[in-house]
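Each chain gets a letter, A, B, C and D, in the order it is written, and its residues are counted from 1.
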Amino acid sequence: MKLIFEKSVPGRCCALLPACDVPVRPLESRFARKDPPRLPELSEVDLSRHYTALAGRVHGVNDGFYPLGSCTMKYNPALHEELAALPGFAGVHPLQPQHTVQGCLEVLARAEALLCEVTGMEQMTFQPAAGAHGELTGLLLIKAYHRDRGDAARTKIIVPDSAHGTNPASASMAGFEVVNIPSAPDGCVDLEALRAAVGPDTAGLMLTNPNTLGLFDRNILQITRIVHEAGGLNYYDGANLNAVMGVARPGDMGFDVVHLNLHKTFSTPHGGGGPGSGAVGAGALLAPFLPAPRAAAAGGGYAFETPPKSIGTVKAFYGNFLVVVRALAYILTLGGDGLSEASENAVLNANYLKALLAPYAPPACAGVCMHEFVVTLERLKKETGVTALDVAKAMLDCGIHPPTMYFPLIVHEALMFEPTETESKETLDWAAAQITGILRRAAEDPQSLHAAPCTTPVGRPDEVAAARAPKLRYRFDTL
Amino acid sequence: MGSYIPSTGAQREEMLRAVGVPSFEALYADVPQEIRFPELKMGTGRSELEVAAELRAMAAKNHVFSSIFRGAGAYDHYIPSIVKRVTAKEEFVTAYTPYQAEISQGILQSIFEYQTMICELTGMDAANASVYDGATAAAEAAAMCRDRRHSRVLVSAAAHPAVRSTVRTYCEGAGVEVAEVPVRDGRTDLEALQGLLAAGDACFYLQQPNFYGVLEDAAAFGAAVHAAGAKFIMGVDPIAAAALATPAECGADIAVGEGQPLGMPLSFGGPYLGFMACTHELFRKLPGRIVGETTDSRGERCFVLTLQAREQHIRREKASSNICSNEALCAMTAAVYMAAMGPQGMAQAAQLCTSKAHYLASRLGETPGFELAYPKAEFFHEFVTRTPVEPQRLLKALEEQDILGGLPVEDGILWCVTEKNTKEQIDRLVEIAQEVARA
Amino acid sequence: MGSYIPSTGAQREEMLRAVGVPSFEALYADVPQEIRFPELKMGTGRSELEVAAELRAMAAKNHVFSSIFRGAGAYDHYIPSIVKRVTAKEEFVTAYTPYQAEISQGILQSIFEYQTMICELTGMDAANASVYDGATAAAEAAAMCRDRRHSRVLVSAAAHPAVRSTVRTYCEGAGVEVAEVPVRDGRTDLEALQGLLAAGDACFYLQQPNFYGVLEDAAAFGAAVHAAGAKFIMGVDPIAAAALATPAECGADIAVGEGQPLGMPLSFGGPYLGFMACTHELFRKLPGRIVGETTDSRGERCFVLTLQAREQHIRREKASSNICSNEALCAMTAAVYMAAMGPQGMAQAAQLCTSKAHYLASRLGETPGFELAYPKAEFFHEFVTRTPVEPQRLLKALEEQDILGGLPVEDGILWCVTEKNTKEQIDRLVEIAQEVARA
Amino acid sequence: MKLIFEKSVPGRCCALLPACDVPVRPLESRFARKDPPRLPELSEVDLSRHYTALAGRVHGVNDGFYPLGSCTMKYNPALHEELAALPGFAGVHPLQPQHTVQGCLEVLARAEALLCEVTGMEQMTFQPAAGAHGELTGLLLIKAYHRDRGDAARTKIIVPDSAHGTNPASASMAGFEVVNIPSAPDGCVDLEALRAAVGPDTAGLMLTNPNTLGLFDRNILQITRIVHEAGGLNYYDGANLNAVMGVARPGDMGFDVVHLNLHKTFSTPHGGGGPGSGAVGAGALLAPFLPAPRAAAAGGGYAFETPPKSIGTVKAFYGNFLVVVRALAYILTLGGDGLSEASENAVLNANYLKALLAPYAPPACAGVCMHEFVVTLERLKKETGVTALDVAKAMLDCGIHPPTMYFPLIVHEALMFEPTETESKETLDWAAAQITGILRRAAEDPQSLHAAPCTTPVGRPDEVAAARAPKLRYRFDTL
């Protein structure tokens, strides 16, 4: 379909702004730009149809099943969007006098208290805008803590090789050296490897639990103890919290700092890649170092305060506030009972789908999984030539968003499914039938899978060409 | 109890049987007994009616001012209705990052269009699909400029305080030195910069217009920075950018900025949008998502996330940034905004801002004591005046009339005027200011 | 100037040339010169920013009460967020009547589902795709009952005043006599009806609950009406209908009502929704659009506008009604509402209404003078109390506390309580009432 | 696709309402219904996906070109929806004290004044909810006027045979006898036939001008004079007002009463068949008879008043108020200059499209048309067997909403196009290319047109079966 620039007609416009009701004062000409930007010129009807057509080329959670592993694509309630759009939230300037923003401060303070209760942390910041941003923040807290103690030797962060790629990248950004340790075949921490890795240079460990294979590490208390005993701190990557809300708290597991993806676990929408919110909760040791400012109860109301040893700011203002509004609405709706029910059913749905697929798509691990699971299609590939990618692409033709592909790296031909608790049994039954149908077809007609998808607006893109000769913007001169 | 779980009790029982476990409890056998099922000290779930009422009550505890003369990093511009309508479409709102290009062309194309518009606005060669906000964009830009031989980061003290502190936090984490270039008469001190610049410097960050609303002689800074072998980063206001010499024209290597003015509501500070664009030489160092054009298996034009070899999921600890989720829906918002405004609308907005800001400045100037703090400086839509009375007294009087006045700063009050402020509102503000000055 | 015309000046010139006329003026050659191009005495067009500000200023001149205890034909029920989100989808909002079934299945199916839900709610056999509101539904129902031998229309005087006056306007136009059946003790007088009923009567209209909130012994009226050879029309509240004996159970031939409680905001009286359902014997006399199931050329189930032989574009002056555009989007709203509530939610809403209304009645009753006007009558969510003070004085006191009190009626005040009114709100109302009574 | 009832699962629900915070008081059992209604039981995610799927099976103005003749499917601005949703409008009870609804009254009063200026009328009511409702109302005004004058003999309404079907139906509903008069071949009034028809029994004439062939009746002043001289009144069917805003006013043409379709001419959306608004404007003779109440200026503000000889009410309350809000926003946006510009461009677009199609689809009338035009495919049918219906259905496969088919009845194999002013030249060029492509294909491959549409969610429905054995509701027992 045409780009918006290809629909532009010189002179066309929308009548949005009024004539100037004060004397026109042009900028001093030495500051002026030479040529106007070549923005598109359209009428409102053109805009409406352009973006309607684009919306028709997107698969959202409202369109159907979205079992993208590690991303927790649960349903985003309509109420949240309504509340986030309230003028009382959306129309507030971040630098208003504090007595005029008591409602905003209450949102931040209450969301903090509730999320601390869920995670077992002491205090929380909402400044980080995404999970990776939260990781950086959490690591900076750890760094500030050791520095504050005068311990300059702790320069290393231990990361299992099954971790999300953000973990080592964040550690590196925070100026740490990364120590990769191999994990056991089930993705759990190899205790011996961990013991061998810790030492006086250990700043901390980054871990997600359940791990990226969807297993809860049964040695979790030993793991965190080993790190603590070595003088390090434990960082909880909250990517997989959806399995354990109300079931087990990272704080109780021995973690000192936690980041949450409100846009995953707490049902705020992902917007095609943000805005998210990577709230970071800190235990007693790290709370004094949290970013500034932080909303807190004060004199019958709320006020901003700066934690005593704050690392500073990691973003302007207070984070993606409207995302916090949505998350607060979600938590108040579910309550303590509802949160654990959500996790239990997320786990049930994953196990149920895993059981339905197992005859055709062997799980990478035996036993019960948590909220997600990984299958390996290594044998399928060997026998039919059909890859995990082919299977994923064939799912597009069924109206199912494919699972996460080729992750974790320790599993060959991996597909990682996370159905979430907001899918019904019927949806899982239907999806399983579709997927097993594809897997059966792999033997009979592998070519049809190599050719998938057929019904999508575009076919498989040539990603190599895209990267080799990057075209990152529209070229007007190619018209 | 509130819940968004569709499966009924009966279905759940059936599913447990299919899985082969006797109970939910059994699913959690791996969780150590002593930490299992803590009692969460919070209320039980509530109905939608109750939660809606409770959040509405919180919103009602905030005051939404009917006229706003405060900017300082968050700007009250008019948001065209079509922008809100388009970006509320559920498909855009509820989708994940567009990993699966075949069913994500809508998002991918909109971001490709956004990247192009940011390039046009800044004059740069390439843009990414957004970072978190203007402050983190500055920090990420500084990181792009570092290499083995260049490390120190110079920042104008006339940059927004949040930008300065965020750059500092990021740099301190990475063990990088930050130095501030002082301000003189509301402008960044070019001579001081020249004195500071040294061989190991990575970059200098200049904000245009700066925090005090003042226009800097950006090209001169660019020349000085390049002469020292460092990179020149400009932080720009996107509405002003429609009128001002582009970062490219000023010699910038990287242009960044806070995209909130492009159609995002004030929202108590977020979600906002960090935009980033750079020269052709640097584009492979851009952090975050980037969308590129390619062809599909049918030979048709299509779009994909590209240059992923830069990113954390491939490079892990060798990645230069950890960003993955960005502000995609805000980037789309900015794109719809720019498309709705078009070049004419953007120019008109800029002209209205400048004209109205100068009108307020001149009207305020009628009252003794309200002198411009930096009378020789040209400004865009923000400016500082000294005040004949304690700023808080004036601001309180304005607040009582439902007007959010400017922000108190060292030299007085930092005012902001946009196309939304009518002459009537401005005149009313001046009237109150005169009353307070007289009292 | 505001405009939604995309073609530019240059394009318009080109098009005029293609058409072969020299100017716009020439397109209007057939318009008599003396009346051509009048000067319209109104302002010139304005920008979106200005119009938005002006309409917002008008909206701000209205007061939106934070608690509402007034019904009387317009009810403040909770509207689930999903209802607003679904019905705001542009495809539903901007489409025309679904003449082209192949690209209108979304609307057709939603209306088919709506028709089914209305049948379930009323117990009737068939429903149409809506008429304008409850009052016109009553008038259209009366028209359905007329034939050569049956003409006079009887209406309960306890029906909503707007229903009574609209039925009268429609009937007077058609030259049909209307007679009202009097009220006694807040209820329609069954004996009076029996006395009035005569051989040429077409129908009798009874409202359940009636305007005073009172539940009528509907089945007894049905029996009496049928005994006289006339048709029995019931007007029902759709929330109450989830709990009350259905019109079908009461012997109604036609059930109608105001659908506003099913997810439509108060909106100063509209758009609302008239629903209509009837027995199998009468469905070919239903006015307006009706959607039916059929199969398409591929053998699949699909939906179409059907029974068009009844309608004006076929029958012209022989059609029994002229309705074409109805309230389709409101019908969809009602369908989404009922689907979101489900049978449990509807029953819960009804129970909350009744319980809270009785709680208010009993709490008010603690203060002497606030006696129920019709103490022997059962009521659903509205009731009339006498007041110890002038009703307007009490209502003014409530208004000052941001409470919209009940509607003043002959015997006192007609109160309404819904699931949105909390115990706290009710207690506060009672407290104020007691204060006023004491003063 | 499945019906919502087929997606229902017993026991499933949304958690919308709170527990009862006062003593539960059941209804007296003798009033209770026996069985609960079989409404569907779904979760919010089910609802969201069901209606998302339905929305995908609808073609709206935002989806593309919609040249449905006589329906004026112009673009519906986003601003209107935003304004109509303001709590200050949507949250107001119709029976609030008048001093608390001054903004609503202002909307009604200002919209009335502006629309009276456009039409040349004196006063206006917004109570009618649709065009047909407005017709009934207008005719009741005429009836009341004659009755008020004591003239009981005027029982007939004259309607040309080219009129919309609502005209005779409305006249009949209002208790008039309908006198059909034949129109000239161009749809204009046959003056001789009119002269022959008028008399002491003439209550009035109903006319739309431009007429249903898209022509402005050049004899309009004579026509209205003939009726007036016979003692009758003239009713203007506003269906085609979009051609003449700011160009000619019905009042100046000699009409005594006018109905407008705000959902056509004034850009309020049609909602798939309503809510609309059939505002009725009355000249000096008829204004005293308008429905009650009417908002009017009073004591520096606004108040409701009852016209002295009001016919009563034709609907509860004040009409579809939120539709009036939208129409007011539209008129304020366009202003007097914008309204005439809109009409001029509506007419230009129609003539332009007509010119593009003319080589393949001969217009039913020669010369310049107004805002719409009719083509006849009689010859095409004779030569190829392809009907107007076939051509319309083939347009569905191009993403174009077909024009109005087989109307007016006086033209054989008629297709009536109304592009409206909100379509661009590019859209018209593109659509003309599509349509002429179809018409060329009629000769080469008529069968492909009989088989159209192919790409729509469903094929041609069997309408005869639908009417013969009506299925008007879902049958639970067929599960």
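Quick note on the criterion: a residue touches a chain if its C-beta (ideal position, glycine included) is under 8 Å from a C-beta of that chain, and two chains touch if they have at least 3 such contacts.
If you want to know which protein each chain is, UniProt gives these names: A, D = Probable glycine dehydrogenase (decarboxylating) subunit 2; B, C = Probable glycine dehydrogenase (decarboxylating) subunit 1.
Predicted, not measured: the structure shown is a model, and the values here were computed from it.
J.: Find the pair in A-C, C-D or B-D that has over half of its contact pairs, by residue number, in common with A-B.
T.: When the residue numbers line up for over half the pairs, the pair is C-D.
J.: Applying the document's contact definition, name the chain pair with more C-beta pairs in contact, C-D or B-D.
T.: The greater number of contacts lies at C-D.
J.: Give, as an integer number of Å, the spacing between the C-alpha centres of chain D and chain C.
T.: 20
J.: I'd like to verify one number: the distance from the centre of chain A to the centre of chain C, where each centre is the average of its C-alpha atoms, in whole angstrom.
T.: 46
J.: On a C-alpha centroid basis, what's the spacing between chain A and chain D, in Å?
T.: 48
J.: Which positions in chain D are in touch with at least two other chains?
T.: Those would be 9, 12, 14-18, 42-46, 48, 52, 56, 61-63, 75, 77-79, 81-82, 333, 422-424.
J.: Could you check chain B for residues that touch two or more other chains and list them?
T.: In chain B, the residues touching two or more other chains are 1-6, 11, 45-46, 48-49, 52, 78, 80-82, 85-86, 88, 90, 419.
J.: Can you list the residues on chain C that touch chain A in the complex?
T.: Counting only chain C, the residues touching chain A are 1-6, 8-11, 45-50, 80-82, 84-86, 90.
J.: List the residues on chain D that touch chain B in their complex, please.
T.: Residues in contact with chain B: 9-12, 14-19, 42-46, 48, 52, 77-79, 81-82.
J.: Please name which positions on chain B make contact with chain C in the complex.
T.: Checking each residue of chain B against chain C gives 48-49, 52, 78, 80-81, 85, 88, 90, 419-420.
J.: If you look only at chain D, which of its residues touch chain A in the complex?
T.: 7, 9, 12, 15, 43-46, 48-49, 52, 56, 61-64, 75, 77-78, 333, 422-424, 426
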